[in-house]
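Chain IDs A, B, C and D follow the sequence of writing; residue 1 opens each chain.
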């Protein structure tokens, strides 16, 4: 079981939800980059639980310790290791889960794969808690990208039936993305926040949960980055984004709207802008053609399933007695993972983009 | 630029649309497998152009020559190389494209990346023609999977606004998938064929093209295969599927329907079936939880953009004169790539699944 | 800069000699293995400094903390992270080295590569101290190998001009290797210890250092493990062994004696032994033909350069003033790295062999 | 079984000695490089059999066909595939080998690994014939390196007991290396040729074979290229060099002479030369410290075992009857592989160096 990804910039994640610590190692960073510790703290804070009613009340300070790869606040080029200690673990809540796998959780699949030896407490290595070091690593990658003129961000596109407005794929600005990425509940139309929170609260009150979608974007990427075939921008980003728990769909540009289009609608007409740059009138391709950037903003849409931990009684099996069984999940859970998944998805995208640029010798 | 993928079973693709030949190398196959040459021919035939009005009239025999890795029709365990010569190339049609990049094609992005040295004839290495060796390689992987009791297949889920019925994710059978995979125009409801063909023909008559979706599925996969994080079944399959031209979205199970669901709807309730196997009442997860198979059928939906080559005049740039320009694309093109992309997507899925199984020591 | 290796079993090392901590992540271990903590402690103790006059007097307790991947002393299959805090660091000794690179050290090469941002204190990420987590990881791999009937070990083959007797490559036993691997100063002929220690002491008294060779071996490897070409046993082991500081030569079996041989001497004649196993009368090939194990003991010889840190005044450059300069290295150093490198080389071999076996689906 | 190597520049080799063809795919080449076809032909000619009495009389024209990645003689950046058809195969000579494995050949190890399904004719995928596409690929990499000011070459350092003089590791010149690399029987001291040929002829007359060593070198490599730990120059080169058949030892710089040295002898004293470049008075480190180039010439020594195919009767087993057996090898064989292995080793080094440079973004 490998929990690492990346070719030139490589991320390795370790830890379990209720083990002593979680963390990651980030290899391949350029030397000489001054870490923006405020950005790291800000992004971790967006992901941290216990902030409001959309999230689990579990409280973790999530103070990351950088163990290596940084001297006097500046990257050395050596592997950068990040450590986050676990504190508020209440493992007695999970004792029963090994034999009663939770629907839509990894429990049963992991039980088969690891012969029952996997750490099931809090989801173990499968827990969304593991996104904390990814967010920290992503914040570092993000500030390296910013030095190269590349800005990324995202927003909640929908929760349940409540939708935010999509970004304008032709006119997205760096300021807009930075602003979104500083928010706890990032929306393109802030006036949708109340309706979305109501959607989450309604699910929470019903002992239920709700899914959603997230839109990610990046501007400032030079044209000509990426590859055809299997190492294209879409391949690399889809691969890393599917590493964030609850992701069940990833699309680029117009994505799942393309199938309904004719070529004459879908094709992004090209022209020279005033700066002599080749641009497109529309951006259905989401900034990528043939796996390679074309200089337009990069846009990605991600579908997230509802948190599987709900209060309602569910049907499962008893793996010890080999019989059907009912299950009531206790413990603290997120009624909607979308707001906290957003910074993790942005982080994953930042790490993926940095790897793509490094592969192309652009760092 | 790497055009290879895979960890244990590794595919490397080479060639250009109008070069002397295309082909691939497939490493990591088990020794002792008898090649099913009929299946290879059948699958190549599904992908071959010139079959009907949905496809380009370019004719290629696409006779694959196996150069290595096979002795007396049986795999030796050494890398298996496949060669397909190009014959019907009409390169004069493409002379103009290097300076007049086609909208939604790789032309401009590749021109920047390769400094204008890329082979633009027929799309060069970016051409969908490169899926021919992938289909041949996939057919070999498919018959190895079959020996392990795993069957995969797929169908056209939609073209434009005409939709086929989705497979029943709980009850998909091996026979059903094999039957679909033997068809040129694979549909779950064959009665939809006429309406779909009409949709394509309408686009073709208008000098236009049209997009679509494809649904893929696999049955017989044992539970417990895959990984958390970045090497999960979804990560690996999304990575390889995005290698097939025109793919702009990949989702698993309920995919982009999950965001609208509550957890209580989404969760697949578990039980023991009569054979003592753990099963789910529904299969929204598409057979994967936590990146690992759970013993239910695997289902994937893929969104394809419309073929970008259309007859209508389009806006582009003249990269030589650095000015805006109009473009009329001549040559032979597919008004709808979906029927021919389907066998390529199935092949990619077969190769990806074989790699996942090999990684888990299950070959 | 990547500091990771391995395909299926993957090791990622992080840390600097005088940073807060060093450590590693080991991915791909099988679940259900009970960690032999005594073996980890024993092997770390062999590598630890300050034990006798052959080594630097720097004292480090080197207590490894396992952060993840282990529950109740048993591997879970998740990445296993090991953390070792640095304590006895005296960085003031090294302040001068950034501008005065030490001959035969990484200082100058790293200064160029990292633009001067690398951590030069104690050698930073290049320090032999980084072998501590490798030794800990190797001890875990070693006990997994032992469960599979595979035992490895090694001994000091030479220091300066004093040579130990080579192992009998045909008759090496598991007991012999285990016995050697429990020793601080492992020799095939223990009576050579005094002469070897005298060789080191003579160098130390002269403010100098001395090189040596190490012989490694493994028994119990099944025949048929490995690959032709670039993923053979020799390729994989040479790759990982060159990761241990001071290694400048790696050979297998008769190694650098082969060039002087005729085929008729070199060829290992084959026969069936009493157990019906195919064996060889001699073992010049060191258990590997065509990159694949043949069932004979695996033997490797490694050449180590003398520790470059010596007391004598040396010629170097002043990178700030861009002029030639003299250098006197202060601080604590090993007059001979060979005894402490041995457990690190054994560990590297254990990790490499586990990866090879995992790749072949033999775990 | 993977037969590929490389991170950014990746080589995949396919084929069997007596199959229809051998070849390779080279990914990651920069676009815009004009292929030096004369150099490709020259290097293949050095490797080709049938040239003189040191080699097998098997005759192969070895005309490589470039199938992809090149347009009008210039690289496009797409994967470059090379095909070489096999012609002069006499497979009847090998029919007996599957059950009578040849000592020191891969036969038995491969038989176990592949369950007897491997192609044993002429050594199949294990044959030194597979170095032909490596030599062709290496020639292309070599001319790309030359554009970057990097020249490499090598010579026969010894055959049996006859030794050539080693290159002066401080003063090796590009001209010297180019001159050596244009020779069929490359020697630093051409006057040694007769004695060496006599050594080979003596072995041949005795129905025997003889081993040797090769020295490789590269000049013009910038300082600061490579990595610590497992991705250093030594790791990468050792990994690829061990992919050439018969290699049993690889060392860098003073290599296996280091163990006998004191630090005061071994350390390469540093100074600024007249061009303001940091240089060393000696070059025991062979141009690499800490896995990274230091601007001095790179030197490597490789030990090759004697060709295992000899005429003398040998002891082996009969795998069908499970009993001991005698073996007389018929067919055409090289009494000494060293002269033909030299261009293959140079090619492997060129490919490895290009990958290292590409990884560092230096292409």
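Everything that follows uses one rule, which is that a residue touches a chain if its C-beta (ideal position, glycine included) is under 8 Å from a C-beta of that chain, and two chains touch if they have at least 3 such contacts.
Values in this document were obtained by computation on a predicted structure and should not be read as measured data.
Relative to subunit B, the most remote chain by averaged C-alpha coordinates is C. Looking at which of B-C and C-D shares more C-beta pairs in contact, the answer is the pair C-D. Computed from the mean C-alpha positions, the centre of subunit B lies at a distance of 45 Å from the centre of subunit C. One inter-chain figure worth recording: subunit C and subunit D are separated by 26 Å, centre to centre, where each centre is the mean of the chain's CA atoms. Counting partner chains per residue, subunit C shows two or more touched chains at residues 1-4, 8, 13, 78, 113, 125, 228.
Against subunit B, in their complex, subunit A makes its touches with residues 1-5, 11, 13, 101, 103-113, 125-126, 130, 158-161, 203, 206, 208-213, 222-232, 234-236, 238-240, 242-243, 245, 247-256, 258-272, 276, 278, 280-281, 284-286, 288-295, 303-310, 312, 314-317, 319, 322-324, 360. Residue ranges of subunit A in contact with subunit D, taken from their complex: 7-8, 78, 228, 358-359, 361-363.
Subunit C meets subunit A in the complex at residues 1-4, 8, 10, 12-16, 19-23, 25, 27-28, 31-32, 65, 67-69, 71, 74-81, 83, 113-115, 117-119, 124-125.
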